[in-house]
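Read through the structures below before going on.
Shared chain: chain A. Partners: chain B in the first complex, chain C in the second.
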Partner chain A sequence: MRFRSAGQGSALEYYLWLFTRLSAVFMLFIGAFGIIYANLAGGRLTMDTPTQYRWGFFPIYWHVQNSDIPDVFPNWSNSFWRVYGMIFLFIAAVHGFNGLRIVVEDYVHRPILLLLAKGLVFVLFLFVVGAGGVVIFELF
Partner chain B sequence: MAQGEPMQVKLKIRRFNPETDKKRWWGHYQAEVEPTDRVLDALHYVKWHVDGTLAFRRSCAHGICGSDAMLINGRNQLACKVLIKEVGRKITVEPLLGLPVIKDLVVDMEPFFEQYRAVKPYLVNDDPPPATERRQSIEERERFDDTTKCILCAACTTSCPSFWARSDYLGPAAIVQAHRFIFDSRDQASQERLQILAESNGVWRCRNIYNCTEACPREIQVTQAVAEVKREMMRRRV
Partner chain C sequence: MLRTRRVSYLEGLRYQGKESMLAWVLHRITGLGILFFVGTHVVAAFFLNAIGDNISKSVTLWYESTPFQIFIYFCVLYHAFNGLRLVVEDFYPPVLRYRRELLWLQWLIFLPVFGLPAFLMVLSLFSGSA
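What follows is the complex of A and B.
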């Protein structure tokens, strides 16, 4: 029997559980704010629905520029939207990859495989955040 | 199905005898029952008239002891509570999932009870016994009323995909038992129970799938009980 005795509990599980719930609600607000702001700033008549959603859930200014909006104010590539996009991406990545970690912990039982799988999940997390950061801050 | 008239039902039963079988197999049987009979009566018919080697557990046969929980037409149910007219003429019966099969429909309940014991499912109060009983208000008793109904049939735990995935997960039944004492105003070990449930094999493995609530033959709001334990942990910062 693989039952574990008392005293091995981890506060991390609790905080990640709480983070998952709060971040889900937070991401809804952060996405809604992006869409609402884009409409108020001039996208209402010029952005099609897919563009609005792309902007809402991954706010990089190309999404707006590629939509051929003539003169929207403010400039979508300013620092605010870049930091905003980076925060959104980071929260979404922690939320999603933590979910993947939980699935891995549920279904991978052999310790060495579990370690490898969790390592892979962490590497993928770093890659997504890193690649997203490169795109958002145009580090290429 | 006319009430009270005998009818033929087809039973497909998952069989396994560890002494003779390498793999589990399906046994096909016919039983003569009435629509208002229970699935347990159909199993009795098979055992008493068709194949005496069929093994299954049952004790009170009235939905109280919880010993005849099994997978009936894909749902965890008590064979003594499900009527033939509710499941139709074709009935598939399998042992509970996630626990080792001893023979046919009989599973080894020891892993389940080990997890049950881990949450200290008994009243802990080190105060000297009072002259009369330990009194409790109606509201205090109401707080854990739902979870007192558990009969430890294991229908909830063995319907839980998190338990199927990892057998070290305490499972909904153990959490329900912990809930029954955590919220009991007379108990003094709730903090200790919450610490046990805070471990990596405790309540955080619950994914709110609600299979347990669907499966409970006593209609306990199992997922809600689990959520209440989580909230209590947050409140007390366990």
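What follows is the complex of A and C.
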């Protein structure tokens, strides 16, 4: 374990620290908004609880498709939710992969291995955001 | 400064870490769990729709199983509650005086919110309706 002393980090490190906190609160609101929206849009009668939670976890219409909803388009699948989902995915991915980078920095000490591991984390980040974008906008 | 860890995590929990260390360990594990699940889910959904291979199909079946869903529900819920506590502590440090109380309050809220749905999921697993 390596211990970081206070005042050692760069400005970027501080902004990422701040981003982690702000995005955490933002994502809590996104989850709450998803579940409240689902109920206001008729999900209370047509969706079971797991479906509502899946929608709250990530608002993509595939998450409500198995439920008893006649037409998915007006409420669950439109450009708004796609753009919203993409922004959400990007913020969540930065939050998550930045956290993975911090865990990696705690356990990997050799500089060359650390560089490789951080590079791998960045490649994974790009791949997940890219693949997620393809899934959200259905660019198959 | 490099320092080797000479005590196990369990010893650390008993000795000085207590509630705070448990929260730190769990925050890390649950965070990695969410990242692992979301990463796998996104990539599997991508390959399932792009080429429809068998690996993605079995990965999808695996993460749609009840045990994994309970695990992921634990991860998301714990990470959310603990993260909220951390944000409050970081932006309003005076509450650090009541850190132990906050940690216990967090468990008090977390356990029923996690336990009831998890219990229902286990029930439906054994009754075979899942």
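As a working rule, the second predicted complex is superposed on the first by the 127 of 140 C-alpha atoms of A that agree within 3 Å, B and C clash if a C-alpha of one lies under 4 Å from a C-alpha of the other, contacts with A are read in each partner's own complex, and residues count from 1 in each chain.
The rule is simple: a contact is a pair of C-beta atoms (placed from the backbone, for glycine too) under 8 Å apart; a residue touches a chain by one contact, two chains touch by 3 or more.
Everything numeric here is computed off the predicted structure, so don't read it as measured data.
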{"item": "In the superposition, chain B vs chain C on chain A residues touched", "value": "C"}
{"item": "First, second, both or neither for A:V94, with chain B first and chain C second", "value": "neither"}
{"item": "Chain B versus chain C as contact partner of A:F127, first or second or both or neither", "value": "second"}
{"item": "Which of chain B and chain C A:M86 touches, first, second, both or neither", "value": "neither"}
{"item": "Partner chain(s) touched by A:E13 [first = chain B, second = chain C, both, neither]", "value": "first"}
{"item": "Which of chain B and chain C A:V104 touches, first, second, both or neither", "value": "neither"}
{"item": "Interface residues of chain A shared between complexes with chain B and chain C", "value": "1-3, 109"}
{"item": "Footprint of chain A on chain C - complex, ascending", "value": "1-3, 5, 28, 31-32, 34-35, 38-39, 42-43, 45-46, 49-50, 76, 80, 83-84, 86-87, 90-91, 117"}
{"item": "Footprint of chain A on chain B - complex, ascending", "value": "111, 114-115, 118, 162, 165-168, 192, 195-196, 198-202, 204-205, 230, 233-234, 238"}
{"item": "Footprint of chain C on chain A - complex, ascending", "value": "1-3, 5, 21, 24-25, 28, 31, 49, 57, 62, 89, 92, 96-97, 99-100, 103, 109, 124, 127-128, 131-132, 134-135, 138, 140"}
{"item": "Contact footprint of chain B on chain A as seen in their complex", "value": "1-4, 6-11, 13-14, 17-18, 105-107, 109"}
